[in-house]
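Once you've had a glance at the structure underneath, I'll fire off some questions.
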Amino acid sequence: MAQSIVSILPEILMTIFGLLLIVIDVLAGEDRKSGVGYFGIAFVLLALIASIPPFNGFKIFGFNKMVVWDVYSYAFFLTFAFAYIMSTLGSVDYLKDRGINKGEYYVIMFFSIIGMMFMVSATDLSVFYLGLETMAISMYILAGYNKKELTSNEAGIKYFIMGAFSSGIFLYGLTYVFGYTGSTKYHIIAEFIRNNGVSHFSIIFGLILMFAGFAFKISAFPFHMWAPDVYSGAPTPVAGFMTVAPKAAAFGGMVRFLMVAGVPVVEKWQLFFAILAVLTMTYGNLVAIAQNNVKRMLAYSAISHAGYMLIGLVAANDIGYQAIALYTMIYAFMNIGAFTLLSVLKNKGIIDDERLESFAGLAKKHPLYSLAMLLFMFSLAGIPPLAGFIGKFYIFMAAIKAKIYWLAIIGVLNSAIACYYYMRVTVYMYFKEAEYDVEANLRPAAFIATFIASVVVLLLTVFPSLLINIVKSMIV
Amino acid sequence: MEMTLQHYLILSAILFGIGITGVLIRRNLIVMFMSLELMLNAVNINLAAYSKYLHTMTGQIFIVFVMCVAAAEAAVGLALIITLFRNKATINADEINSLRG
Amino acid sequence: MMGNILSILIFFPVVAALVIFALWRSGKATMWAAFVASVIEFILTMPLMWNFDKGTAAMQFVERYDWVKAWGISYYVGVDGISILMVFLTTLLTAISILASFKYIGKRQREFYIAMLILEAAIVGVFVALDFFLFYIFWEAMLIPMYLIIGVWGGKRRVYAAIKFFLYTLAGSVLMMLAIIALYFKHGQLTGEYTFDILKITAASAQYSLGFQTIVFLAFFLGFAIKVPMFPFHTWLPDAHVEAPTAGSVILAGVLLKMGTYGFLRFCLPITPIASIKFVPLVAILSVVAIIYGALVAMVQEDVKKLVAYSSVSHMGFVTLGIYALNQSGIEGGILQMFNHGIITGALFLLIGLIYERTHTRLIADYGGIAQKVPVYATIFAIFTFGSIGLPSMGAFIGEFLVLVGAFKAFSDYAIIAASGVIFAAVYMLWMYQRVFFQQFNSRWENIEDVNVREFIYLFPLIIIVFWVGVYPETFTSYMHESVKNLIEQINTVKIALK
Amino acid sequence: MLVGIILTVIKILIVITVLLLSVAYMTWAERKVIGHMQVRLGPTHVGWKGLLQPIADGLKLLMKEDIVPDMVDKPVYIIAPLLSLIPALSAFAVIPFADKFVIFGKEVQPYISDINIGLLYILALSSVGTYGIIMSGWASNSKYALLGSLRSSAQVISYETAMGLALVGPVLLAGSLSLRDITIAQKGLWFIVPQFVAFVIYLISAIAETNRAPFDLPEAETELVAGFHVEYSSMKFALFFLAEYANMYVVSAIATIVFLGGWNGPILPGFVWFVIKVLFIMFFYLWLRATLPRLRFDQLMSLGWKVLIPIALANVLITSIIVYIVR
Amino acid sequence: MSPYLPIALMLIISALIGVITISVGVIVRPNKPEKVKLSVYECGMPEFSDARKRYSVKFYIIAMLFVIFDVETVFLFPWAVAFDLVGIFGLVEMIIFIIILVFGYFYAWRKGALEWA
């Protein structure tokens, strides 16, 4: 029993902190709500430090093998923590400017992390589902957070309908898996599948529906239709958060499920996800090229990044899931960095703030801003020596190790295509003349976020060992 | 007539199908939302049926969770619909189109 | 200090760039600071050249530190006879092109010089890296500053050129990345040691199966062929060269192209020897086509810069031809020709940039008879024109001669065709020279200025080197003898094994 | 099987008939008792001491013209009263009126069914009742009705939470949700003693649940003319009326079973004890109506949310800890 | 016989009683509709607007709070029933659960969700 408590120690800590955060929010003055965010960051850091797994290969199961605390979940916790810290810092000024700087924002984001942590540390589908919904419901609110703005409303509604729809489908599939195997616990499902295969209709049906629900969550190709609208409609810092953390959590949870429960039938789902990966990244990239709105472009690029991450899943080896973990960590920095920069951009011309034209000639007026954006763009494109490269490198390592060369080739070619639209931003910033009076006011919070992200993006390749050692010691 | 597992599964499949169809073809957000709840209830039927035929409590406990989630979803979903209505005075899904582009 | 000389060479420009970034804002200060930094960098290569042991093929000045232990990545650098000349060329040309940019670069000078210095660091890194991961990082890292240099300070179609350059090169190199990863796993499976160490992976090359070698070779080949650029992959080059600012063109033509051929030497031949031998005909054909095609296209160019750009395609064809002759003289000639081409084409771009600063046109038709107004300029231009043609007593002569000798030994028919490329070169270069400097004087250039002191200072070392190589090539070839011999031995053992 | 069904139907019919009669006479009793409390006489004319008054009322309602206003949403308008009535009546399905006894060698169960989640069933049904209210207000398409129904449902759901929490304590003690088990668990000690706080909370919530004074806001004649059923007339109105009084019986029965020991009691037979306890609580309702003024709506909501719920939560916590220590 | 069968019967019979009482009066009761009689009550005046307008958001908030709290209450029941089985672990868990609930409750309170003004 004590073991059970220990096994959810990180989550318990986070929950306590989350509750404290609520109290802080309630007590804080109306004009000092940003403090809630800062406290949230402090809490996340504390929890991060307190829940460091004591040694490699550490693994504690709890609640009759329903949850586990191990390096794997810790690695994903890192991603969530990074995402939280970055987007909180990035949000402060954005929210202040729009007069929606409420404490709930930070609290909800904080609680969404708890949901994600449960998704990743779940070894039982019911815990996974609860985590999923904790996360998803928080994200619905955040997507529609700017309630005065129509786009945000619509993003919230769309995300809600599609999200609930997808979790419904996921859940329905889950019931069949449960019904067929008689349990929701991963290891029992695994054993059952090992003994009986997956030839029975119910389990095929169930697994396919579960995969579809999962594909929805990560915005993989045929199930992506919500993503661009939601990402571009949601408040910009939230969009940054949404493209990273929930996706990471979905991957984290699903990989654990597949690597534990699905391992006896790897080949069966490998092809499914391989096709999904190809379609997802190709679609995301091709459509992103056509975008003139940077936020929307980043939204489509987020789809394509889901495609790259899927390669790690398809590889279905240790390097694969390590790569996914590392990729999401890095993605947290670069993508949220880009969205943070996007959120401080103010265009006084007739076009929207996030149009490509806003970036024209920005390098002259805001050299540091432009430099940071350049770094993020190239990092997203996966150009060394920036951090994004390490992530992609690891992903392709996984594919090569699994001997899925064709997928790796399609992947790298895609990442070359992707360069084009990331470069367009830099083209506008550096190569064009300013068309409108554009303001990019990086105040302390957003500046710190950008600074951290830039430093990480720049230096991660030089000092990647820390993160790599963490993911390297992950065991599903 | 003896009720077998299949009967429950078929019932839930029908319910689920109605739910999916509702979400996909209805354009009133409230109705879509209700269809979503229908999907969850189909899930509950499945869980209960399996739980009974497998003689395990897992499914029934799961139902409580699902209901709980459905409640939270309802709270959030309705709030979102209300905020949308305040800004746009419509709950027709087809008119939610300011994000095309 | 000598122990860390390579690291210093890599990181000194970065540090200098950071210092410049931190300390100065004005263009004048940054340009001088950058120049001083690049000169120091060049001076730093002197002890390297001096202390280099020419008697061995082993890597020298080796530094090795664990970097990412989990993946078997280390920070591992060293030079041998092949790469040391390239390092020398890089630092030399960078210093010169920075000096040449003083007037040419009118806007955002600080950023320009920072980009140049970082570019230099990355290129040096490419030539000295002995770890695949490190190599790949430098290989790609160089794209970003180059992209900016073309895109920000380039000509009218700079955006197009910059993107094209970037995407082309990237597309090739991403496949190379996959090949590197594949090698990593192959080596790991074969020896149990998972490492990105180039030398170790090379050492195990005998164990790689033909099929595997073919795949890896093709991936590498694509990446390097685009960089060189070899015939069907060359289309980015004219755009990039023409649109880039002078300094950019110089570095592009002088150094970046060499990265491709360096890649052939360092990776394709030793790591995938069997596949390399199998693909010799393909490479040879492509080289010959490049030589002829480049020359023919150069002939019809109206833009001087474009002409020189296409001549690069042609000249680099010689280099690849020489390398794939797979014998001592061919490879040595290739390396020497790499060096020469860097110097000569670099100088030609400098000269074109120099006159462009004054006339703001590069069309051959716009000039005419300016020799009378700018005699010194005309003389220097003539020197490099002859150099480019490959006149005896000039560097290129030695290089091309060695290449052709090697090629005759290996595949005489191609060599004959290739030799005609030399003649074509004479035709288009001399014709261009004639149209620009002689013929009817165009009165627009009445007040044109001759080469000034600064310009002379940066051109002079190049003149010296051109003659030096032409007269006493041993200074340079002596560096490479052992390394090339070693390489040839490796290939020969494979050849024998194949028979 | 068939015999069982027939027996059950008979039982149901008996229960419902008795219930309807009780409801009818409850209205009479209410008027009478309140009349006397207010030093009046109440109904006197129809029958002896007005005993036939409820019958007359019923007939009147039956004969009255059934006005269905133009603007209403017809199907909903008709379903609403049914939806109020059905849960109110159905709740009696699980209420044990007395212990099992044996007569003519056959075991008789003086209840319609004993399910192991009886209490949950009751709570669920009372939630369904809310739909009747809200639908009636909505369907009527009248401002008074709508507001009345909104208020009413807000009130009902507010107090339902407190009520549910209050019932957790007794369940903890009994260890079962079956109403029969809960009653049996009180053989020694009625739960009103250890769970007095819960009892009070339950009682208050129950009154609010049934929209009775002093919580009869939705029907506040002075403010909302008659609340959610202002547009209803004739038999449909009667159904609401019926449902309300049936609900009163339900909550009283639950209070009896959960807190007052159900049929447990000395000397007298179980059924009698049960009836006495229920009637006592019913009388308490009338007493309240006669004495207390109506609350304001905000007071009402505050009472529910800010007083009852925290106390109920605390009660659950304390009970559980004590139970753990004691066992 | 399943214990739920009587309950189903009870539901059916209750519904029947409702339907019968409504429909039986049709035979005996008069039916003389006229326009004024069929209009909605509005203090005797002709109605001047549709009733279905927007009303206080407070109602929604109460509804949401109810949904949340009621579902939480549902969790308490199984726990209460199985209290003897789950022991100290269950007790501690439920105390934590209630504490979390209380946090949410006080949050709602402080935010004014419980005020009706």
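Per-chain numbering from 1; labels A, B, C, D and E assigned in written order.
Keep this in mind: a contact is a pair of C-beta atoms (placed from the backbone, for glycine too) under 8 Å apart; a residue touches a chain by one contact, two chains touch by 3 or more.
Here's who's who by UniProt: A = NADH-quinone oxidoreductase subunit N; B = NADH-quinone oxidoreductase subunit K; C = NADH-quinone oxidoreductase subunit M; D = NADH-quinone oxidoreductase subunit H; E = NADH-quinone oxidoreductase subunit A.
Because the structure is predicted, anything quoted here is derived from the model rather than measured.
*Asks:* Give the fewest steps needed to get from chain C to chain E, where each step moves from one chain to a chain it touches.
*Replies:* The distance in steps between these two chains is 2.
*Asks:* Treat touching chains as neighbours and tell me the shortest step distance from chain A to chain E.
*Replies:* 1
*Asks:* Starting from the defined contact criterion, work out which chains touch chain A and chain D both, please.
*Replies:* Correct list: E.
*Asks:* State the pair of chains with the top count of C-beta pairs in contact.
*Replies:* D-E
*Asks:* What is the chain whose Cα centre is as far as it gets from that of chain D?
*Replies:* C
*Asks:* State the chain with the largest centre-to-centre distance from chain B, centres being mean CA positions.
*Replies:* The most distant chain relative to chain B turns out to be C.
*Asks:* Going by CA means, which chain is nearest the middle of everything shown?
*Replies:* A
*Asks:* Between chain B and chain E, what's the gap in Å when you average each chain's C-alpha atoms?
*Replies:* That gives a centre separation of 20 Å.
*Asks:* Where the CA atoms of chain B average out and where those of chain D average out, how many Å apart are those spots?
*Replies:* Each chain reduced to its C-alpha mean, chain B and chain D end up 32 Å apart.
*Asks:* State, to the nearest whole Å, the distance from the C-alpha centre of chain C to the C-alpha centre of chain D.
*Replies:* The computed centroid separation for chain C versus chain D comes out at 93 Å.
*Asks:* How many angstrom between the C-alpha centroids of chain B and chain A?
*Replies:* 26
*Asks:* Go through the chains and record each pair that touches.
*Replies:* Touch list across chains, by label: A-B, A-C, A-E, B-E, D-E.
*Asks:* Once bound in the complex, which stretches of chain A touch chain C?
*Replies:* Against chain C, chain A makes touches at 363-364, 367, 374, 378, 383-385, 389, 393, 396-397, 400-401, 405, 408-409, 412-413, 415-416, 419-420, 423, 426-427, 430-432, 461, 464-465, 468-469, 472.
*Asks:* Which part of chain A faces chain B closely enough to touch in the complex?
*Replies:* 126, 129-130, 133, 137, 140-141, 144, 147-151, 153-158, 160-161, 164-165, 168-169, 171-172, 174-176, 178-179, 182-184, 228-229, 232-233, 293, 296
*Asks:* Give the list of chain E residues in touch with chain D in this complex.
*Replies:* Spelled out, the residues of chain E in touch with chain D are 1, 3-7, 9-11, 13-15, 17-19, 21-22, 24-26, 28-33, 37-42, 47, 50-52, 55, 58-59, 62-63, 65-66, 69-70, 73-74, 76-77, 80-81, 83-84, 88, 91, 94-95, 98, 101-102, 105, 109, 114-117.
*Asks:* For the complex, give me every residue of chain E touching chain B.
*Replies:* That would be residues 57, 60, 63-64, 67-68, 70-72, 74-75, 78 of chain E.
*Asks:* So in the complex, the part of chain E that touches chain A is made up of which residues?
*Replies:* Going by the criterion above, the answer is residues 89, 99-100, 103-104, 106-107, 110-111.
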